[in-house]
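To keep things simple, chains are lettered A, B, C, D and E as they appear, and every chain counts its residues starting from 1.
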Amino acid sequence: MRTAFRRLIGLVCFLVLWEVIVRLGVLPAAVVPPPSTVLVRFAGLFSDARFVPDAVSTVLSWFIALALAVTVAVPLGVLLGSIRWLRLSLSPIVEFLRPLPAVALIPLVILLLGSGAQTKIALAAFASVWPVLFNTIYAMGEIDRQLLETVRALRTPPLRRLFTVLLPSIAPFTLTGVRLSASISLVVLVSTEYLSGGTIGVGQFVYLWGTSAGRMDMVLAGVVFIGLVGYLVNQALLSAQRRWIGWAATGGAV
Amino acid sequence: MNGGRRWLDFARRWVVFVVFVGVWQLVAYSAANPYFPPPSGILSAAGHTWFSGPASHLYLSGAFTDDILPSLGRLLAGFAIAAVAGIPAGLALGRSARATDYVSPMFFFARAVPATLLVPVFLVAFGIGPRMEIVTVLWGAIWPILLNTIDGARAVDEVKTETARAFRISRSGWIFGVVLPTALPKVFAGLRLALSLAIILMVVSELMGGSTNGIGYQLINAQGNFQLPQMWAWIVLVSLLGYVANLVLSAVERRALGWHPGFQAEEV
Amino acid sequence: GCSALNGSSSSDSTSGTNNAGLEKTKLTVGILTGQQGVSTKLAEKYGYFSQQGLEVTSKMFASGPAAFPALLNGELDFAVTNYVSFFQAIAQKTLQAKVVVDVDQLGENSLVVIAKPNSGIQEPKDLVGKKVSIHQAGSIAEVLLRATLKDHDVDPNRVELQTVKFPDIPAALASGQLDAGVELEPYITQAERTQGAQPVLKIVTGSTANITSAGFVALDSFIQKNPKTVAAFQKAMVPAQTAAADRSKLLEVLPDLTGVDKDTASLLNIDVFPTSVSAAQLQRVVTLMQNYGGLSAQLDASQYMVATPQV
Amino acid sequence: MLEVAGLSHRYAGRESQLAVTDLSFSVDAGRLVCIVGPSGCGKSTLLRCIAGLIRATEGTVRLHGDEVTGVPADLAVVFQDYSRSLFPWLSVAGNVEFPLKSTRMSRAERRSRTDEALEWVGLSGARRKYPWQLSGGMQQRVSIARALASRPALLLMDEPFASVDAQTRFELEDLLRRVQREHGSTVLLVTHDIDESVYLGDRVLVLSKSPASIVADLTVDLPSERDQITTRESGEFVKLRGEVARLLQNRELAHSPERNA
Amino acid sequence: MLEVAGLSHRYAGRESQLAVTDLSFSVDAGRLVCIVGPSGCGKSTLLRCIAGLIRATEGTVRLHGDEVTGVPADLAVVFQDYSRSLFPWLSVAGNVEFPLKSTRMSRAERRSRTDEALEWVGLSGARRKYPWQLSGGMQQRVSIARALASRPALLLMDEPFASVDAQTRFELEDLLRRVQREHGSTVLLVTHDIDESVYLGDRVLVLSKSPASIVADLTVDLPSERDQITTRESGEFVKLRGEVARLLQNRELAHSPERNA
């Protein structure tokens, strides 16, 4: 309760600051509309018949991309984290792939996968694999060695070892990776929709209704929507983290 | 680590990579798609783009000084600021649940917002030029550092907290001697993620507009002019940059985490 | 794929009048926002496609080149693109394609240099030493600006060219990051209304007057395999183009293509909508690109078009 | 049952360290062997080698005639660092039951074994607590219970009673002997308490200071039924205890802790 | 020097647990008080309250007449869970030196204190190793050295010699008494070894089983110069040791470990 209150205070402070800065003319209102305007636009979004399918597409794609990234990255991270030679052999490829900017790859991926939602989902999943993968690998390295020895001495079969010891140990930090990935995949998703088109989505909406008409209020209303969805999912992940791995002191709050 | 082991590791590292490139060449060559030139084509385009300069410049073309160096500068500036701001902020927030409460909603909002959408805002607030590009890099690169550091800082073991308190460890001793070392492995995970994100955002920032040089600018220009082998050359350069940057960071990490039993085997 | 993910913007009822003999009736086309997409939307709305026995689904792309990969992998049958990108792709052999419909020609107010009213820029020579945006290197904006400067004996190299995207130019002008910028609609009107910037210089005039800017292209392979479908598509677009020139009709669909409000829309400068492909017009673009856009290949425009069939 | 031959182990790394050198001994099935030796001499290292947790740099360990390469089946270990060997996300009962879940035991059987082991070590009342809610001695008893619950053929215990009070220690010692004889387990137990080594063991292995080698291998000639009071008063006990103490002291000559670092 | 009055502590949480109840005693400066009591009775909790690490739910602790609210200055603690109280990223010497860095001590002074303390516990040779490269007993000695290096006025030790061998233990006991008398430190030491409590202490506090209260407060009437052999043979020692043993056993009546969980 108190936490929620503090968050609210923080948010209100931020909004007030923004409003004041715009009203004082530090930033021109045509470029950065004040929150009062943006929030009104934001409220109006939901009565816009075109926005709803856009939002559904983006959010759905987001879940798919994130789920894809997690299902690839967690097992791979556990594998690479525990098998040294595999990690060494794959690291050049991983390190060459990692810095590839999704945005520059758009045409290539469209060529392979088509211009539908597959492309943005693939790009978002690609970009969001890394935080989960890396945090998982690092978390594997940080498991107390005494604990690992104990499991070995108990001859826990590999699968059980994975589910009862490795996963609980790495879960907090891996989840932090997931939360990072959540925002990165959202960013890539929206950017792809925005920069390439060919599909529907909030990015496309913002492009059509905001940018192509020079309407920053619409752009920021879209941004607020994106941020809000992101925030809600982040909260969901956090509370899952608290519930399932409450024993750990670690596990983020941001 | 003895010599034999070293060689084995080296071989393991590169055999897979060489096989990867070989398969790529084969597939791309037989596909003959203009968007996917084979590595050999990319190589010749790269030679043409970067090594066509006069002998007095070691055959380097102007691309080095005009595009690659400025990009590197912006990349490093953005990354350095992200690290310098992110680590201390992460340590502070990790140890103070209350401060975290106040900022957490804004943090998620901020990190879910694509920099591409905020170009006009950045343009107005920071102007055309390096400042805006650095901010764009910072905008994306700070989050992994911040979040991972927060996580790391929270993970101080109860017994160690009590030990530090019982011995009345000074504030700086607590932060630099206990919290930071505890967080360090996670901080490094964050730094490595941030580094590749910084490279990506460096490219993105240059193609969002306002730039007149840089790797990303040339990349998108090559793409726009359908000089696809050149575009691939720039893409490969970005990869290479990421690889080298990561190598440097790993070396730093090996030193800083030398004590860590879990990271002992990482010498290569 | 799944309709919730991709949405479904398929329009046009199937009640075609004559689809006899068409190789392919279900088409997917890539269109652009703004006035370059108007005619397609009008063709959908008024059934020009179905009159030709075609069932057309349009997909919105952010730019012509963004649609090329989709064209190449067969997902799109036709795509609107600007000609500068098209000829560049042709020259680089990225695309083997032809123009089938000329969609959009620039009017003298469609693409102009805008600046703040007190900028003191009135003539091409005033741009010397100024920061001027051209959207992207090698774009039509750059080509036309250079041509205009050259026509007025101003050395283009003495102008500091910047690449700020069209939508961002008003903000950059307002904050003093730019002195001037080549801008198009609806941003010109938008900038006039909200930021007080003004058109100060025409660049689609004189030697560049009525230059054609964008059209539908299709792959050679597609054209070879589906000649009747191509013809049907071209025929359908003729009335559509005519309709687009009618401001009242244009205003019916333009708000669907951008977020401009009605007030702004009624103030917009309208482009020219040709009803046939002209080799001479396309050749002008090629020549301009050869002179000012770094195009080195010798291209004969008539090789890269399919003439509009006589109705 | 257990044969250790020419075992040496050197820890790799910058500060490489020879921990055990050329150790050879064998243990018959159903015996309880106590190992004593100075701090840091290599006792834990020896147990780790036997458990197959680390691979000795030289020499072999054979169990039932087979060379130990991985962790053998039917083995349980009580680690010296008990607090870190418990799973913080499992309750006390969960920790004890954990290894049983990897076997093909029925649920009911697991529960009864868990309950029994917890009762043995006097922790029935704490079964739903988490390890970090326990005192040090209680944690240690949880790890003993976990090892006993699986009724191992070979039980390795590294200073298992170091953190419990004298009274509890006596009880646990008797418990260990009883359980061991009931199930015919073979036990290797490292201890620092000389009295304990004699009281518990059928044999006492005395190790030298680091790197560990065998100084003496004493057979304890006490009746297998032992009693905390009478046994400790018996002449044989006092004699043996004196002998072990002397061996430990002598062997290190003017021993000063500085040297065995 | 130290006064504990009406101290009670209850751990909050789902399984709330009264660990200490209504404890009162006082310790004069320069005394060495040993605390014995059954496993899990609340000894560590008591030390944590005195150190100001946790706030007792009831009662007060006064040091030099001031109520303890935070961690008092001039205090050092040897934790029961020694392995987790060492910082893995610091070498042995670094660990010992670490608390000294928070004082206004010169570099040279710090170094010499560190070296001295490491020599006391016999770890001069291991100064550059990391804690996880040490055996259990060595880790425990590092944490003893760390506490001694700061020459605290009040030293709280929680089973500090549990993991070292008998010989080393004797030496460390003598070391502790010597250092304590040289610096006039006050020491509270929890132990499970009844002999040790009598040998080391000026007083022995016997605690009841959980929740801890004071069963007896025995004064040890042995000369302050003690010797491992002669003192342990003296009649007074034997008498006291018997008394403590009896108190521990009696108090719990037909004690069975089940009950003190």
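Please note the rule applied: a contact is a pair of C-beta atoms (placed from the backbone, for glycine too) under 8 Å apart; a residue touches a chain by one contact, two chains touch by 3 or more.
If you're wondering where the values come from, they're calculated on a predicted model, not measured in any experiment.
Shared contact partners of chain C and chain D comprise A.
Between the chains A-B lie more C-beta contact pairs than between any other two chains. For this pair, chain B with chain D, the centres built from the Cα atoms lie 50 Å apart. For the pair chain A and chain B, the distance between C-alpha centroids works out to 18 Å. Averaged C-alpha coordinates put the centre of chain C at 84 Å from the centre of chain E. Residue numbers of chain A whose C-beta contacts span two or more other chains: 28, 31, 107-108, 111, 145, 194-195.
Looking at chain B, one finds that residues 33, 35, 120, 123-124, 158, 220, 223, 260-261 touch two or more other chains.
Each of the following residues of chain D touches two or more other chains: 13, 81, 84. By the definition of touch given earlier, these chain pairs are in contact: A-B, A-C, A-D, B-C, B-E, D-E. Here chain B touches chain A in the complex through residues 9, 12-17, 20, 33, 35-36, 93, 97-98, 100-118, 120-121, 123-125, 140, 143-144, 146-148, 150-152, 154-156, 158, 185-186, 188-189, 192-193, 195-197, 199-200, 203-204, 207, 216, 219-220, 223, 231, 235, 238-243, 245-247, 260-263, 265, 268, going by the rule given at the top. Per the touch definition, chain E reaches chain D in the complex via residues 11, 13, 15, 17, 36-44, 80-81, 83-84, 119, 121-126, 128-129, 133-138, 141, 158-159, 162-169, 171-172, 192-194, 245, 248-249, 252, 255-261. Contact residues on chain B toward chain E in their complex (touch as defined above): 157, 159-160, 162-163, 165-170, 173, 177-178, 181, 184, 259-261. Chain A meets chain B in the complex at residues 2-3, 6-7, 9-11, 13-14, 27-28, 31-32, 84-85, 88-93, 95-105, 107-108, 111, 127, 130-131, 134-135, 137-138, 140-143, 145, 172-173, 176, 179-180, 182-184, 186-188, 190-191, 194-195, 203, 206, 216, 219, 222-224, 226-231, 234, 249-254.
Across the complex, chain B is touched by residues 48, 51, 53, 71, 73, 75-77, 79, 81, 84-85, 87-91, 98-99, 101-102, 130, 132, 146, 150 of chain E.
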